[in-house]
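Both complexes below contain subunit A, partnered by subunit B and then by subunit C.
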Partner chain A sequence: MSTKTAAGQPAQADTTQAAPKSGRWRRRRRSRPDDPGSDVIPIEMYGLKRGTTTVLTLVCVLFAIFTLTPIAWIVINSTKTQANIFETFGFWFARPFSLFHNFALLGQNIDGYGTYAVWLGNTALYAVLGGGGATVLSAFAGYGFARFRFRGSRILFYLVIAALLVPITAITLPLYLTYAKVHLINSIWGMILPSMVTPVGVYLMRVYTEVSVPRELIDAARLDGAGELRIFFRLALPLMVPGLMTVLLLSIVGVWNNYFLPLIIFSQNRLYPLTVGLGLWAERAQNSGNTELFPLVVIGGLVTIIPLIALFLILQRYWRSGLLLGSIAN
Partner chain B sequence: MIAPLGYAIYTSLYTSRIIGGTVFTGAGNYTETLQSGEFWNGVERVIIYAVIQIPVMLAIAFFFATIFDLGVAKWGTLFRTIFFIPFAVPAVVGAIMWSFLLEPQFGPFVHFASAVGAHNVNYFSPSLMLPSIIVIVIWEWTGYNMIILYTALKSVPRDVVEAAILDDTPLWKIILRVKLPMVRPAIVLLIFLNTIGALQLFTEPLILSYFQPNAISLNYTPTLYIYNTAIGGAQYNLAAAAAVVLGLVIVVISVSSLVFRRRGGELG
Partner chain C sequence: MSTVSLEGLTKVYPNGVEALRGLDLHVDNGEFVVIVGPSGCGKTTALRMVAGLEEITSGTLRFGDRVVNDVSPRDRDVAMVFQNYALYPHLTVQQNIGFSLANRKIPKAERDAKVREAAAVLGLADMLDRKPRQLSGGQRQRVAMGRAIVREPAVFLMDEPLSNLDAKLRVQMRSEVLRVHRKIGVAALYVTHDQTEAMTMGDRVAVLRAGVLQQCSEPRELYEAPANMFVAGFIGSPSMNLYEARLEPGDEGGVSIALGSQKLSLPASVLQRNPDLGSYQGREVILGIRPEHLSDPAQSGAAPEPGTALAADVDYVEVLGSEQLVHFTIDARKVREETVPAGADQGEIVAASVAEGVARIDPRSAIRARGRAIFGVDTERLHFFDPATGAAIAPAGALAPAG
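Right, the complex of A and B next:
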């Protein structure tokens, strides 16, 4: 299954990319090792005119504007007072410039609904422990499934895949009811433990291990008398790093953006992650007349998305090369 | 994962009463769920939503993935990064931003509509609410789907495409007859994943309902129904039954897309 998947192709392409290519097909632009785009067939080969490029670039610009519109709006409006958010044009700045004032309010407990700074800390904690745990478990499980054959390993793996089918919302309420029995309501572990279970991560790491950790290498190490743990930590793990980074990225995003689970299991606002806190503020601002919360919802939303966008830009070679996103698809 | 599910089925067979405690009611909660118009209205709504949202989003994603794969637009790397950004934005924040942008009185998009001659558009009216949600979700997820399709397109062997070019195959034929079939497994899987997601639609309508309480009912989607029945109404047993039924509906619909895939001889 896994050797046939095209999952291997981006990875293999990565290793062969260093080899010189025939100049005829080479695009006239500096090639970037992590960017498969450096390998394209020149558009003249398709019989396209240069004008087509202009038109299609324009289409891309339009969609980029659509994509960036809400981001631009939230950046601009985080600098506004409550009145100006409603009364001035949404896509231009207005006096007074109250970005720093709004920002300072994030450290305060507004109307007893909770403090943004606390939620930010909670979210970071849940994301690091949940995302980190998910990555560690996926590494062990994925490597285990890829390189060991044991009784029931096939069935166990199919069970993991089947877990992909179970809808999250259908599992969340049952989870809540179970938590009520075992006293995990309002416990951070109620949030972190389920976040550490990622069938996608296990699947990805299995596929990635098949491709990037050669069986012969492990067999050779075994002949040399290396122990299994030593083989895993010293030999396999370094080779699995790019895959693990992608799993880490995806699971951190998953935890950071999770809303339904924390919404249901936390009833104390000091435990909320950002999503639940912002949702609460938005609801209170609209329905309880706490309109001073509106600027906080806006700046709070902005501060929520900045760390993740930064993370994506820093780690872009992992998702851009599509190393693993592509393997889900194939 | 299995334990909570088992406990949900167990819970769903009981009913808590204020007087008399919890009693075994067997299939009672299921009968109530299955006969609940509110529940099925929600199911119907998310199916309509999925049937529109998924094809539109995948068409846009495939269009851009093809453009970037062929390299026929400038600054492809930059555009791919921009298109992917909404994936990093939590659905809660995305829904909050769009709630402001589409707000009927002061939202800038109402001004835009007026500028092109459509006055007093209410994006949150009953008839436009679902299309608005579709736009929001398309904004959130197109980039992610595009990246996956782009990666799949990249793995189409070069020589196949070069052979087609040498045969003087027109470009649209190369795209639709050569490349599209080769990325079909990726598309089927995206349909599958997006369907599971669409049927669980929850965050966007819940946040929008904070801003527009009259436009979104407590049972707008099945997941909202479950949430409001459990948390709002404290009818945990009934909600557990509804969760089990919804889970089954989703599994049936998504598995049938996998069976379709297997029939195409493309599994694994």
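Right, the complex of A and C next:
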């Protein structure tokens, strides 16, 4: 007699060895070899009462709905015309299906308010250079902190972490004045260089290096006459790759979604990343009645998140193992 | 080709911990010296200082005539085999072994020839294209050794290289290591915590404890004439039985040893060899009896000689086939060398109310567990130690603890 949990999966006593059975409701959850929780045991064995698991599942479902609703909305409404966005039911499609029409508009400069395609290119540039640079710097810094003993290394590390405490809004004005002095305002480097500095990246790489690059390996290489740079590039870096991928992903996402820094740095439309550009469109859509900007804001938002989702899916393998910080054997 | 001289090497960490104090050791060209001691005794620290991976706080380190205290590891011409092998995981066996040669920009043809030569010595010739993760523990260890010998170093260092192998492989690899060492013929320093390994492999063995050298001699001398209680209890398995005893004037003018409620008589020849013992009459001493110096006289039907009988309660008997290990208790007070604190004052003796001991007797003996046995003690071979300092009450002219 199989009972069902709220998620619709049958709870059976023998879970580990059963072959996949036919029929949707009796399908077993296969353990995948790379799944960290691949030893699946029946929920009864956790010692939880049936009622508890139902409630917990319900809560999780609610959170999932809460998280996914905006995305669902944006996907659905990017296919509508301006009129339909306001007049039809928000969570279902309506005729005419204008997805491709809206998409085509993204290539044009809308009423002088800027071209989406340009902004997309900018965002990609900043994210790749900024995120890539952040990864490189974090790798060097993390390795240095993890594998070298030098005076003041502890204080220096704490200083790096302490930088996380400073909210960017507090230093906006001094930031602007300083950057203006060195001609970084309205320059792509004004966006890229600050993005390359990430305390979280340094921390992550330091911890990951400590775990994945054994001290003895470096000792052996030193005895074998290798210089420090050679040790770093040839021996340590290949071992640090999962951590690097994690930092890369986090930095790229961080730069991609960064709204405040480019707002301070850029006053020229052609330099805007998507965050600022879409913000501008959204504001214009509210305040001027003439242009059909709303559908563009919606589809613009959708297109913005697609590359990130793709990146997550592609780097998934590294992302998950990077999080496991140390349960990987050499 | 070089000798290694450690002169008064000391290591004090920034937080004040003293890992090594005044170590004096000299390794001749081609000699295989083993540094042995319990965990935390400073042996790995000493090795790393010789390699250049730890800074020397004070003392002098010499390779031949050259003082190398401040020379960087890559310029010292030492090769080291690590406990965890520390192989380069993304390189093949060939690249691992040839790494040091590649760093010195030796041309590829010459490099390949040397690698092949080293691989042949170690039986790795058909594994050159594999990566470390495709090798077994013993094979990895041999790659680590190959990496070390291909450089033809002046000094060969090994940090517990066999401790990650299973017991059988370890025995096999012991002879491999010695064979390779004989072939390359340079000074070698080998660190281990296993006294069996030390005794079977070393030309000389240096026993270290809490950063201080206890004794450095050939294995036989270490076994037969330990310089102090720690060495006596550390070397030899099962370890020496150490008891609190008293030297008293015996009947007929001799000296007798009071052990608990029993008395053993000290042979006159021993007293002649060890005149210092005379000054301990009427005082406490520490008596050491090696398990193999206890026998079962009942087996041959004879009664034990007077003054050599030791009655004991048998706890259990381990039948090993080639011998039997009899675990017994007597009513003396036992000394456990691990609980004697290091340093000058070794007078703290933590004793149990009844003392256990182990005897190694003939396999055909009829001694059974839970019975009472009378052992015959080979009183010619007893060891004596000063209860305050732990030092051996050695015969005149015997070697000093460090050498």
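In the analysis below, the second predicted complex is superposed on the first by the 259 of 330 C-alpha atoms of A that agree within 3 Å, B and C clash if a C-alpha of one lies under 4 Å from a C-alpha of the other, contacts with A are read in each partner's own complex, and residues count from 1 in each chain.
Just so we're on the same page, contacts are C-beta pairs under 8 Å (C-beta built on N, C-alpha and C of every residue); 3 or more make two chains touch, one makes a residue touch a chain.
All values reported here derive from a predicted model rather than from experimental measurement.
Contact with subunit B, but none with subunit C, is seen for A:A64 once the two complexes are overlaid on the shared chain.
Of the two partner chains placed by superposition, only subunit B is touched by A:L308; subunit C is not. Of the two partner chains placed by superposition, only subunit C is touched by A:P238; subunit B is not.
Between subunit B and subunit C, B contacts the larger number of subunit A residues. In the superposition on chain A, contact of A:I155 is made with neither subunit B nor subunit C. In the superposition on chain A, A:W73 makes contact with subunit B only, while subunit C stays out of contact range. Residue overlap on subunit A between the subunit B contacts of one complex and the subunit C contacts of the other covers 330.
Looking at the complex, you find that subunit C touches subunit A at residues 51-53, 73-74, 78-80, 82-84, 86, 88-90, 99-100, 103-104, 133, 147, 151. Within the complex formed with subunit B, the residues of subunit A that make contact are 1, 4, 6, 9-10, 13, 25, 27, 35-37, 39-41, 43, 45-48, 52-53, 56-57, 59-60, 63-64, 66-71, 73-74, 77, 85-87, 89-91, 163, 165-171, 173-178, 181, 197, 253, 256-257, 259-260, 263-264, 274-275, 278-279, 282-283, 286-287, 297-298, 301, 304-305, 308-309, 311-313, 316, 319-320, 322, 325-326, 328-330.
Of all residues in subunit B, those touching subunit A in their complex are 1, 3-5, 7-8, 11, 60, 64, 67-77, 79-94, 96-101, 106-108, 111, 139, 143-144, 147-152, 154-155, 158, 161-162, 165, 170-171, 174, 183, 185-186, 189-190, 196, 199-200, 202-203, 206-207, 210-211, 213, 223, 226-227, 230-231, 236, 239-240, 243-244, 246-247, 250-251, 254-255, 268. Subunit A contributes residues 214, 216-217, 219-227, 230, 234-235, 238-239, 330 to its touches with subunit C in the complex.
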